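Each in structure tokens, the structures are laid out below.
Two complexes come next, and they have one chain in common, chain A, joined by chain B in the first and chain C in the second.
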Partner chain A sequence: MSDVENTVKEILEAHGRLPVSALTLKSDDDLYQKGLTSHASVNVMLALEDSFDVVFPDALLRRGTFQSVSAICEALTTLGVGVDPV
Partner chain B sequence: MQVTQGCEHECSWHDSVPTDATPTSERGTGVLVGIDVQSIDEVAASMREFGSRYVHRIYTDVEVEQCGDDPMTSARGLAARFAAKEAVMKILDVRDDVPAWKDIAVRRTASGRPEVILQGVAAQLARRQGLGHVSLSLSHTDSVAAAAVVAQVSGRSERLAS
Partner chain C sequence: MNTEEFRQSLLDAGLLVDGGVDGLYLRSFRFESIVRGLEAYISSAWFDPRQTQLFLPPIMPLSTLVTAGYATSFPNLIGTISSFMGSERELVTLLEALSTGEDWSAHLTQVEVALCSASCHPIYPLLRSLPVPDEGLLYEVQCPCFRHEPSHDPARMQSFRQHEYIYVGPEEGARTRRELWIAGARELLEDLGLDIDVVEANDPFFGRAGQLLAAGQREKVLKYELMTRISSDSPGAVCSGNYHEDHFGKDFGLSLSDGSIAHSACFGFGLDRITLSLLFTHGLDVDAWPSATRQRLFATTVSPGTS
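Now for the complex of A and B:
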């Protein structure tokens, strides 16, 4: 498991208000089915921005972005997280 | 309708009926109903945790201003507005184009009634669906805010480009 994925799970644990531990989630588990609400996803987004020093543009603020841990990691990759500088 | 302690307003509408839409029977006519609830404590916690970043990312300047400066009153008002944004989202046919949070806003009129203001992608979606008047009702208890919207579908919607 990557450091990014670990950090995403820790943020979900702290801000996702999930009824289950985010640390036990599989990468492709549906977070909304696990209990993630729209409002909690806002908190997750803001915490991700703090942690990774990025800003989520409006285009990424869609339900699919926060559908799963892997989806969040993919979104972070598009924002340059985990990409080695050239 | 009054849930318990506070019914902030009754209802109002925002006239967003397009006048230049191409008729289509895609959605027909009738009404769409959206409803959502939001924990006030969760909004208050987000305000404490993320401050103005949270507030100004989600709510328009008018929404923030009209909810006041008192933390508890503000959290209650913003929670109702968050529920309203979600309730409106439920009646919009959202696919690839997703409205930004501020595309759906609540504004209190001079008479005290709340009305829905749609901008950007939300307004485009409403036009495409042929949505007419969107009536809004907000309510709250000490812990939960709720919003319900009812929209008329005019039967006149813009044809989606294929």
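Now for the complex of A and C:
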């Protein structure tokens, strides 16, 4: 598991208000099915922005962005997180 | 006719009186007669003996504003109330601030009631103590609501009436009921001569985080609006049909007999907006409106024995 994925799970644990421990989630588990609400996804989004020092653009402010741990990581990659500088 | 021209025509005709602040209007009895006609028309068409009918005051518990999530999602729209709760000594500083034109709000304390944010919000806390029956609960309510949206557009009044239908019960019931309401309301309003479009919509959640909430709401089609011309040729929403999933069920602890969380849905008619829409569409001379419209709105309010 990458550092980014680790951090994402820790943020979900702290802010996702999931009935299960986020640390036990698989990368492709549907977070909404696991209990992530719209309001909690907002808290997760803000914590991710803070932690990774990024800003989610309008195009990424969709439910799909927070559908799973891997979806979140993919979105963060497009924002340059975890990508080695050239 | 544009919005400003329409607004001025309403004021010139004495239908509305400018209240001195954007979005604040005093209504003439003539304007109110249309609102009351609408209320009677809708209420009689949608009468159901299973519905509990309530007129709500313009205020509700402050705690409801918080529990319903309205203060979190729309902090820019809420109206809380403050009053002086200090001592004689503290009164002196309040009076000083008032006389010198300083900010005197700092000397007031938030009270236990707030202006009503939406007609369905005051109903949910009432249902806490009992399990919701499997056939669901139905309410018909009318409430003067407040949204802090000062605007020159008369379609955006700070204080406005919602005539609302509410369902609390199993998920399937909530979804089905909302579909019925949307179809029924479209027909009711088209029968008054209004052109109605039903569109998927979202609430105006505040800020960037609000964009995520709005996107989620649209993707799950939780909100429909009935659109028509209100104060200009650009359509606006006169009704909204909302499916809340288990949002209010969770927040207010509403459960079914099997212990699962109740779902809810609501459908609101914006009485002031529909009235404006009728005036915009049919003209300011109500006596010259199409006879079918007048018959539907005013026949039910005529007392027996009068012409």
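Keep this in mind: the second predicted complex is superposed on the first by the 86 of 86 C-alpha atoms of A that agree within 3 Å, B and C clash if a C-alpha of one lies under 4 Å from a C-alpha of the other, contacts with A are read in each partner's own complex, and residues count from 1 in each chain.
The definition used in the following text is that contacts are C-beta pairs under 8 Å (C-beta built on N, C-alpha and C of every residue); 3 or more make two chains touch, one makes a residue touch a chain.
Source: prediction; values computed, not measured.
Once the two complexes are overlaid on the shared chain, A:L23 sits clear of chain B and of chain C alike. Of the two partner chains placed by the overlay, only chain C lies in contact with A:S41; chain B stays clear of it. Shared interface residues of chain A (contacting chain B in one complex, chain C in the other): 38-39, 42, 46, 58, 61-63.
Touching chain C in their complex are the following residues of chain A: 38-39, 41-42, 45-46, 58, 61-63. The residues of chain C lying in touch with chain A in their complex are 69, 72, 208-209, 211-213, 215-217, 219-220. Contact residues on chain B toward chain A in their complex (touch as defined above): 38-39, 42-43, 46, 49-50, 53-54, 57-58, 82, 86, 98, 100-101. Of all residues in chain A, those touching chain B in their complex are 17, 38-40, 42-43, 46, 49, 58, 61-63.
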